[in-house]
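See structure below.
As written, the chain order gives the labels A, B and C, with residue 1 at the start of each chain.
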Amino acid sequence: MSPADWLVLLGLAGTAVFAINGALTAIQAARLDIVGVITLGTITAIGGGVLRDILLGVHPPEGLADWRFLVVALAASALVFVVHKPLARLVRWVTVFDAAGLGLFSITGTLAALHAGASPLLAIILGATTAVGGGTFRDLLTSRVPLILTSDLYAIPALLGAFGTWAIWALNWQQPLAYLLAGAACFGLRMVGVKFKLHAPRVQT
Amino acid sequence: MSPADWLVLLGLAGTAVFAINGALTAIQAARLDIVGVITLGTITAIGGGVLRDILLGVHPPEGLADWRFLVVALAASALVFVVHKPLARLVRWVTVFDAAGLGLFSITGTLAALHAGASPLLAIILGATTAVGGGTFRDLLTSRVPLILTSDLYAIPALLGAFGTWAIWALNWQQPLAYLLAGAACFGLRMVGVKFKLHAPRVQT
Amino acid sequence: MSPADWLVLLGLAGTAVFAINGALTAIQAARLDIVGVITLGTITAIGGGVLRDILLGVHPPEGLADWRFLVVALAASALVFVVHKPLARLVRWVTVFDAAGLGLFSITGTLAALHAGASPLLAIILGATTAVGGGTFRDLLTSRVPLILTSDLYAIPALLGAFGTWAIWALNWQQPLAYLLAGAACFGLRMVGVKFKLHAPRVQT
């Protein structure tokens, strides 16, 4: 596969795990009907990339223009609705799917911004925005204060993944899979933060 | 009138009914002052079209660039503020105005996307987005979980109207009023859903 | 300094006061950690300008593309986190910083829209949008109904500042500092409204 193919594949994987996360959140938090579950799953999955493309001036955004992303998002969300009962344990994994999406989208978001000609600083910010954007829309739509503001170690892993992706790109490492290192660092830091309840310094009051 | 004139007329009608709905919601839900009522009415009215145009890369968005849409949105919202007392019964009609806007904007949103060169799939999605977008902003701004996620049969009528509009367009039916059939189907399905409390399948728990 | 330099300086000042306001809001309302404080401060600071640029089709938005805005927003937010304890009284000033940002951004937002070729009506609307946008994102992200809807005299000062800026621009007044008159009128009206609890007419029920 060409590097571009790998990038699409990583993007589709991120789309699937975020759609599963969004659909599980819908079921867990709000007992929505099938349309609500699919809508929330799809917005969680493609929202971050759509926001990035709006900011970059890429239109229509890849997540809407490329049918593969839409189909994966819709199908993964619908699948969750259908099989959620036998897979009730999946709901406990909602954080893991979110962290996986965070890692994958920090890679693809950063590379998409770099390919569109963004500066390193902007690419890292937009890469992290891609990673945290979908989950932020998910939280806004379900009337919750977004994880990006409240959760310990959520933005920092996304920025780490975006920074690592840029570093690998800048080093001109000719191995697409190398980017997975950056995504894995993002995923790992996020999960360590969840597991050990690590948090950034808080306001002392 | 030319087909383009009809399209503008349908868009202005949708703008007016959504502005009335948003302004009534503001009065009903939050007892806002005149600026709040006009702001919420206007955002409800032009928000869906603005979101569609941002996603399509049309700028400035039609709802901001064409003064007729702004004037209709502002005037309809202001009118609601002025006459709401003698017309207190109007508040009961808030759902009807919302359904009418849903039907009208599913037509104009889909056609705007098709005219901008969108694929059928994207045009139907953006047509439905135009229809549900304004109400979603309205709900977010008033701290409510959006109807698109919670309400039985809200997204499905919008998608039906957008699909019908695309079908009539694809059949090259040379009669602008034919599109009203698609809008009426959307409006009808939405109102039937409200009346009979129909809902899409829910999660069994 | 050239007029363009003055404009950047006013924009940076608005960015700083809105970042301080957003960071103080984060501390006051939600006891967020350092990442949450910096994120909310930065979004409050650059959100309005980013929204304006998206609507105008300017990409990437100035607030993301020009590193000076990002650095000022990040630094001012971080500073608040570090020094908030000795400066606890600052929290009482949260409204003053918000009003100052409102005044400064009503100037720079209107001029940015005029420079991008917007009509006077659109420029005034987008100028006011720039001024109120960041605070609206701040309120949405912290699950509050935005000030733009609920607060007495919030949108009206922003529109006044934008209108005054346009008027000075249309009169071709060759003195950049003249724009500060428009911003001061916005700031003054907002503070008078806060002080005397003035409000626009409300719905009689």
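One rule holds for everything that comes next: contacts are C-beta pairs under 8 Å (C-beta built on N, C-alpha and C of every residue); 3 or more make two chains touch, one makes a residue touch a chain.
Computed from a predicted model, the values in this text were never measured in an experiment.
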Quiz item: Through what angle, between 0 and 180°, must chain B be rotated so its C-alpha atoms fit those of chain C, rounded to a multiple of 5?
Solution: 120
Quiz item: Between copies chain A and chain B, are the contact residues mostly the same numbers or mostly different, with half as the line?
Solution: different
Quiz item: Cα centroid separation between chain A and chain B, in whole Å?
Solution: 30
Self-check item: chain A residues counted as touching two or more neighbouring chains
Solution: 54, 57, 140, 143
Practice problem: Show which residues of chain B lie in contact with chain A when the two form their complex. | Solution: 54-57, 118-119, 121-122, 125-126, 136, 140, 143-146, 148-150, 152-156, 199-205
Self-check item: Interfacial residue positions of chain A with respect to chain B in the complex
Solution: 26-27, 30-37, 39-40, 50, 54, 57, 59-61, 64-65, 67, 70, 81, 84-85, 140-143
